[in-house]
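The structure that follows is given in the form of structure tokens.
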């Protein structure tokens, strides 16, 4: 006959706060270690783990949704008593099964970046928090910075990210808001370069020949694509085109310092890598109770900054600040609940 | 070549040693003992014939001589020196080269490259090709056999026979490779050649004898007796005797091969007792045109065997394929027993009771890794099925019956067909059309290619039997003699058109010469 | 050139003319230069893969090999991670590393008798692993003027990289026509078993072909690094299927024994013209992949029409 | 033979991390492997016929989207409808292959990008949540409390297809087509029909795999299965099926899928760092094939 259990030891969720600090298992999962942002994320996780005398298990799934699910279900099939997971879901649709799995197995979960809008964190006990940056806001901020850089009027093109991700859509929506506010800026073209530096290079070259001197600015949904666009501009010998991106990866900051790039928006990888583990650790060890977390702290936008030539010096060497991970401080960077 | 004529006196000085000697060679394959202690001696400047039934072990023996088969036991001596041959290159270094039974050219290379393949010599310097030199090297070989083939033609644009000539040119290169008088092995080189080409080949063989030794295999015993000095007969992997060609007759040779007396009447012509033909022919072809043939008319009555003869490129093969739905047609109408024959594909043809045995057995005729049984029942699945289900028992009984009926030498019905000797493979392919007993028209393209004389006789008997039971047969024969012997009527084709028709009734057969006159 | 080789060039011409008719931006000199530049990396990868396909094998190792070469070269020439400044020697070492990885595919194929599909897939994973190890979490950026110059400097309107690609095609063609390696690769695709009957040991040639292919991928990885001024682990992402598509569209058979470098070059141009043209014409990014797939299928279908014979095998 | 590879791998993982060999963990691994196994099994048929199907993953993604979109309207019929449509799409590819004589590699490569584009457009480039989970709930059950239903279904599918092949002449047809298409055709076997059927089954399997993925992810998404293409082909080859056609079986691919799944989830879980994980993965799949391939059946290794 059929049953709903996988048999064996069924675990209906662990008693919150029952874990001794040394029993906690910390897991950080990102796409891969071969890009600076996510590598820094995992390093931030390591830094936090060291702070509490533990080590972090680093998992990567190579941007492969199925593989992420596979790893998580395997992880949850092990000992989940005091498991804390800080997860970067590959896409919006990958979040629900992770949440359900954690809920059933009783592991503590914090997710970042991707979540379907209608999935409510407060409906769950083990899913402690969802953190993201306001993509619409970032898209708008750099859109405005770009408009300013080209003197308020002229043609721009947009390089979109992977089309079916929330981040790509939100950021593009932000650009559209910015365009509405700057009526003289015209969007000549939008193409996708899948968040990839290499693809952005090729697409930008083509757009440069297509639009020629009409093109005054390039809006890229992340810094990698912005850097690819910069390489294309350099090869075309164009110095009159402004470029903006999002993420504040080190190379982009250098480019802003050099003046070749106009603006980016900070997202603090090392902090993201630590904060998710910190929230989970605090709940697992009983220093924080799920019921006590305010509803607006269950799903929230983290603080972000527009970085331009004026303030770039403040961001060039991101440091993990141990104080951010104190149980009283874990929500200190909140910019409010996700609407 | 001149260099070798000079080296000849040395060779003769050491004449007492044999050019090649084999002692007690043994080779087992799973389920068969292909060689069972073969002894063989090849003298200097001699053409040694090798005869034996299909599967007697000829090819295996010869492959052992060029290092392609590692014998389980036994010794090989070359010019009085015991050798171990581990590869074709080592064999070539000892002056032994071979033309293989199955064609072995690289189709997408030029003839020149094929000729020098593996021993490019001056044709390649530091890994780089020197096309001029290579072409010259190849031309030298082709000149030896008087071939007009362009050395830079891609091999797959050549005809079957031309390719065979390239193979012979290739093996002749062994003359340049060693300073010893070479031993050249020809495994059934004539089975795909026309008579004119066979003559050229024999001239070569005789020329080779001047300074080298030759081992020659053919199932055409008259040929063997014609060109060889001595014939060694193999049976069941053993040497069973030796005949001096000066005295022997084909029948005697045949007797030694099978261990009993064969039938005198090869073509079973007298056995035929044809009933009166019905007025309406079974197959009627009107104005059939395709890429390589034009306006072909043809009719074949039930119970009749119609041969089509023609030189290479006459298009007769494509006509056959077209009738089987394997070649597109541009115009024409074909009826079978009055019903229009669907030529859109091979399925339709099979369903209508048409069978086709292609000439290129290895590629088109059989599925190598599949078993004998599965190959045999591949077309007529219903012969082994009950409803949609396969009945292994039914298949086993049926297949075993045909294995016995056609005396197919195979360890087991489950043996992969590619492990059988060429002749036995051919029998399986033929059997494929016979298992169901519902065939109406049989198109045979060189059905006896590679068959030994016994098997051949068996196939002829089968064709007669089928004809007597009412099957209409179109035959593209291996030789003019075969066409004459088997056919009731012969159509001559040239340049894609049917140009003449020669009656060929039992007792009033034309001579090959009559046909050749019609063909040119 | 026989009829069956004429299909792809005709398809290229037709597609080029169509885009030129529809889009004014497409038919500018600048855009044609851009197409040539954009084709450079793919052309070099395809040069390598063509030899493998000619043998009837397949090669999926480009992403890993290119990634490893890209990271390696960016750490060997002047960069922001260490004090190395090896210049051309660094490029050479990276290409050699790539060739070694290619050699590994070939060795696994002939020694372990594992199909190339698997050995190259495995080597790709190994290459990515090596690249990730070398990457170490910090993006290596190159400051080597020579290497950066390859992407920026122009000669006769085309980037140096494009001329390098031309050089590769030329060298590839010479290897294919005038070297034993090239001809044997072709022959192995035609009838491997026959070569053994002729006493040719095919194994060393197979290994050599995979090594050669690896070297081409390595150079392509270096070229990507030059274009981006940075060494990326993902430098070769997607180039495996793109190169196979280009080769096949150009008329190289996956079963081996037919086609060649010039065929592949036509295929590369066809694929690049398509990518460029669809952007120029303004096809929605959502549909671009689909339209490209459709056109590739249609182009191949049109190209095989003249060679259709009843009993011809298509795999 | 592939079973040996599986056992060796399992033993190695257990030595690396003794906790790995628990019933819960194995159940999870087996459950994980189900969609991959179904994808690989379907594509194995195409490979046996001598072709290749590169579209399975993209078709699977497209089907997850279709399923999610149709579920509210069709309810319980959605599963059948989705699998049916996937099968039909597979058949269309098969027809394009045999009628237009385009190599299967190209047809399915084209199919891959076309299906991706269609999925992207109809889903408006985003995941579609499934509210009514009853339609896929049966796949999340366990047989006898331990065997995940999805894996059970995968085994059932493999068994059913294998049995049909074995008991009917189809197996002969498929193998003959794979080993030597021209000989098969001249023997009058229905080569074209068999190939189209193989593509159809491959499509249907992609559809079924899609349902399994939806049952696991509670949504359909235009790129959900895209990354399963290479693992699926790897599963086929690791199982010992000859990529050149003719030799192999669906059972082998099932075991191959288990091997690949263990590698994908096992290595990181037992704590191999990601860079070394890739190197190990590469080395192990090659070694596994070296172990599983029956070289007496495949004379020339390309």
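Lettered A, B, C and D in written order, each chain numbered from 1.
By our rule, contacts are C-beta pairs under 8 Å (C-beta built on N, C-alpha and C of every residue); 3 or more make two chains touch, one makes a residue touch a chain.
By chain, UniProt protein names: B = Ribose transport system ATP-binding protein; C, D = ABC transporter permease.
Just so it is clear, the model here is predicted, and its values are computed rather than measured.
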Label-sorted list of chains bordering both chain A and chain C is D
Here the gap between chain B and chain D, centre to centre from mean Cα coordinates and rounded to Å, is 45
Whole-angstrom distance, CA centroid of chain A to CA centroid of chain B, is 72
Rounded to the nearest Å, the gap separating the Cα centres of chain C and chain D is 28
Residues of chain A that touch two or more other chains sit at 32-33, 163
The positions of chain B in contact with two or more other chains are 326, 345, 364
Touching two or more other chains in chain D are residues 120, 125, 182, 185-186, 274-275
Contacting chain pairs, sorted by label, are A-C, A-D, B-C, B-D, C-D
Counting only contacts in the complex, chain C reaches chain B at residues 177-181, 183, 186-187, 189-191, 193-200, 257-258, 309-311
Contacts from chain C onto chain D in the complex sit at residues 55-58, 60, 64, 108-109, 112-119, 121-126, 128-130, 132-133, 192-193, 241, 244-245, 248-249, 253-254, 256, 286-294, 296-297, 300-301, 304, 308, 311-315
Note: in the complex, chain B contacts chain D through residues 324, 326, 345-347, 349-351, 356, 358, 363-370, 374, 377-379, 381, 384-385, 388-390, 432
Chain A partner, complex, touching residues on chain C are 25, 28, 30-31, 34, 37-38, 67, 128, 131-132, 135, 137-139, 141, 151-152, 159, 224, 227-230, 232-235, 237, 275-276, 279-280, 282, 285-286
Per the touch rule, the chain D residues reaching chain C in their complex are 50-51, 96-98, 100-107, 109-114, 116-118, 120-121, 125, 181-182, 185-186, 230, 233-234, 237-238, 242-245, 274-283, 285-287, 289-290, 293, 295, 299-302
